[in-house]
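Multiple structures are listed underneath, in structure tokens.
You will see two complexes here that share chain A, one where it goes with chain B and one where it goes with chain C.
Take a look at the complex of A and B:
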């Protein structure tokens, strides 16, 4: 296997993937959208049957940095194509926002095995922190983002005792209750705007006003490009950190407590410590990205983080593959973009997602892209020679 | 009762008194109305293999669970290397030098051999967030050291697994999973190893191989003491220096395998009392 062919394969598949996303975004008629979906599904199945996907998987794994860079360029290129289109940029940015939130949830659910059905509540906690801080104080917005994350962490600490003392279904019930409770609390709180919600200032970083568009050579560039680019940076940072968590003793500890808490304790592990760590890191990411989301929308209301949104986050992880970072990115794309493009399913989206989750659990229990075995340092010679 | 074997008494005569590493006194554990452990006294001598036997439900695994901190003892005291370890939480018992295996090879099936074994020395790994996430070159050094240590351990106890160190454990047969589990328990160089039914789920041939390996273990780790819970009497007779027989949570007999095998109480416990 020569390395040129690996790079070529990666390049070609990322190019095809980008073209597909662009075509999907451009497709207007329901027929066009449907045929694109069928085309993607059929080619994936054929390629899977022929073993091409497997081969590509090993190619991507063996030249990881190149692959990640190429995908990043593909994402930027997509943004350039749609630079003038508010709606599409907003949709793409929403995908990235959900990717960050789900990567946070993945640390809790995918690694440490803590079911959290309150994802949207932590997301909302960050959003409300941004609302209060941007409206009431002049704090720099980067600081607001970080505080948004910290607020979600602090809110999470309220839950930590019940979560540590329960397992499985019981822990799920605790988080569901919390999710509903949090929303009700916000709805009746006049300080936070009640059911009407609260306005949030648009993002400004070092004088770079995110809510201003540009004119380049007579071409109008949507102001959403600012949000998209920043969300892309946040996604890349989150991606890197989550990867490093996975590829360290911390990820190993979390896997170990997910699989067998008692055995982990018998080998000297402080199980509670790693659950708290996973819960904290995950909530931090959800809070940060919630604050960012609120600043992008310019508005936050209890309707932005319903229990349904928490369910969507969990189903993204189940669909993509528990613990699988790329699987989650793929599943987020599908779950966010599909109902937007395919208006006919809008009303039935929960039905369709639940069907999707059931089908995946039945026929591909490890998700669309299952998690690969841990490599601490990819590229390092594995095993003994 | 003489708790030393012939070969060991000879060894000890030259080196002074035998060291008792584990001392359990009057240990009681109840589950509701059931007395799972009833005033159990038990000593483990350094370097010896102690067989813990008895019919199903006689309290053998309960003793392991009380000893390792999974269950609390209702009464009694346990000391290890002259330190009180009664009812310490499991991680602290492990840190004092006691490692165990489980009845149903509780290895992490989806994780690699390396991952499983490295977990066996969790307290020695640096666990800081900054170290793990941001000081990647230092982390890499520690990681490479661990790979080397795991390789050495495997070369000693399961050489055929060295080349498959990064493959998930679920791809291996039962006997290899047991070997991996034993390696995980040995990785921290414990002073006392608890083996809970190592032959469960294995064929006769596999059990024989495993016995040979446990016997070989003794020559490689002189100071290691072992308590082994087992139903396979052939295995017990071949490797133990001394046996303790439990029935309904009480010790009914103690001695070498030959002594306990000819004991009337033991025969009754296993075969029932003649009417």
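Take a look at the complex of A and C:
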């Protein structure tokens, strides 16, 4: 294998991907949006048939650092293109926020095999922590983010016992019940603003006010660029941690528990310990990013965190491929951006969107980019060259 | 042959007329206005009805030869979710082509989104959300609302009850935002009259026994027990009043209006309540709206609130006609708009952009049904309320 051709392949595909994202975000008319969707679908099918996607997959795996760096540059370039556009930056930031939340959920669902249908509740716990803390106290907002994560973890501890004692469908029911409970609780709580919601202060870090735009060489830059950049950093950090967890002995333990709990216990693994670990790490990420989301929107209400929103998070993971980090990132983009782009077809948009998702899962039952088999010696591919 | 000639000439004339009108239409400047409502999700029936009604207002305006602009509608879906609401509000407000918008059915969505409109200076008329905080929770000049707020019925209630000659009141309210909001508004409005609020008792929304509160209330000897809460709680309060032999007139907020209230109480006869809004049939422009909506042949019914979206859009279009497509000019025109009659009744904004003339209709239970006060036998003097 030729390393130059690997780098070239990665560069070209990231460039094309970035261009596609830019074109998609710019597309306004029905024709433009629909033809871009068709273009993406057709080219994916063709490339899959020709084996190009498999080849690219191994290229990305063999030069991981370069690939991640290029994708990061692609994301930054997209932000530069839309620097003046509030709405598009808001959408892109929302995608990053959901990526972090779903990566958290992925540790629970994808690695440890714990179904959690209360993702939106933990996301909301962080959000409400941010609402109370920013409105009532003068705590620095970075601390608020961390506390948001901790609150989600603490709320999660309430569920640990029932979740550990139940399995499969029963565990799912426990989390569903909690998700409904959470919403009812915030709805009747006057401290949290009740059903009408609560305002949240915009983010300020070390005097860097996220809600202020800039002027660079006479060009107005949207204030959302602050949120986008910060969310990009959070995403990169979460991505790194989740990757490390996945590849470490921690991830190995979680995988083993997911695949066969009884066998793992027989080999002396402490099943409860790894489940609690996965649950805690996942909730922490969801809480942090929930707090960030609340600060960006400046307003939260119970309706943001319904059972339906938890289902959206679970469906992102299923669509992307359970346990697959890049799959989740791709799926989040589709699930967040596509319904918005389909606003032009009004009341039928969710019908079309759901049909699309069903079609994808029909032809790719393991998700868009299913998780590859564990490489016990990452980088071996390159070493063996 | 002659016939063919005649048909051909009619067709030619028709074609000419079409091109001419097209030419005229093109001569008008295009103005884009927006609509936001829950087009999908649980309350989509209202969102779709609102969109169709807003669309109807625009189509009728475009057919009007006297209108200065040609209007175009951009409709977006907020799913009745605050986060999506903020998203689409940002989309609409940052779209430079949009001059103004008619927005939101759900209160929590509207409360969250008003900040965005203010931030990007988009003038909006809220058509369906009724939480007081949408207009009174801020000082944003861009925000207006044609529909009445949740608490505006209390003003009517106070005027109505004091008009009947009642002077001494006890309020029983549930301790949610709903009950508390009503209590505050009622107490505040009562100050301006010769009525007196003896005491207000807060109760939990699921409380079963009110003996303590009602016994204390009885000793105060009120003329009216005003109840602020929903019907299931209202049923229990009304029944226990009867049990304790309290001879005060019972009056409630709109939340108690339902058939279960009548079925569940032993003594519902003569209970009063304020209905928020009015049936579209009895609105000043209601029948006309119903006819035009039917003529336009929309697939979905206009629902109870369609007429509000229609009126809100007309208010916005009138402001554009007067001030032109510039956002700041429209905001100013809306803020200084003189009182004018629309299909839902008079529209006149106060300094928070709230329409001060909201439609509230007093109702009374007569023979096991809610009857409009003016049509009841109580108003005509055939029957009498408690203490009269």
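One rule holds for everything that comes next: the second predicted complex is superposed on the first by the 357 of 385 C-alpha atoms of A that agree within 3 Å, B and C clash if a C-alpha of one lies under 4 Å from a C-alpha of the other, contacts with A are read in each partner's own complex, and residues count from 1 in each chain.
Please note the rule applied: a residue touches a chain if its C-beta (ideal position, glycine included) is under 8 Å from a C-beta of that chain, and two chains touch if they have at least 3 such contacts.
Just so you know, these numbers come straight off a predicted model, no measurement behind them.
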item: Partners on chain A (chain B, chain C) - clash or fit; value: fit
item: For chain A as apex, the angle formed with chain B and chain C - C-alpha centres, to the nearest 10 degrees; value: 130
item: Partner chain in contact with A:197 - chain B first, chain C second, else both or neither; value: second
item: Chain B versus chain C as contact partner of A:170, first or second or both or neither; value: neither
item: Touched partner set for A:250, first chain B, second chain C, both or neither; value: first
item: Which superposed partner A:208 touches (first chain B, second chain C, both, neither); value: neither
item: Which superposed partner A:157 touches (first chain B, second chain C, both, neither); value: neither
item: First, second, both or neither for A:347, with chain B first and chain C second; value: second
item: Distance in angstrom between the closest Cα atoms of chain C and chain B, superposition on A; value: 34
item: Complex interface listing, chain B residues touching chain A; value: 68-70, 89-91, 93-95, 99-100, 102, 106, 108-112, 115, 118-123, 125-127, 129, 132-134, 136, 139-140, 143, 151, 162-168, 184, 188
item: Interface residues, chain C side, partner chain A - complex; value: 39-40, 44, 48, 51, 75-77, 80-83, 86-88, 90-91, 94-95, 106-109, 111-112, 115, 120, 131, 133, 176-177, 205
item: Residues on chain A engaged by chain C in the complex (per definition of touch); value: 85-87, 90-91, 94, 188, 190, 194-197, 199, 293, 297-304, 340, 343, 346-347, 349-350
item: For the chain A and chain B complex, residues of the former touching the latter; value: 241, 244-245, 248-250, 252-253, 255-256, 259-260, 262-270, 277, 373-377, 382-384
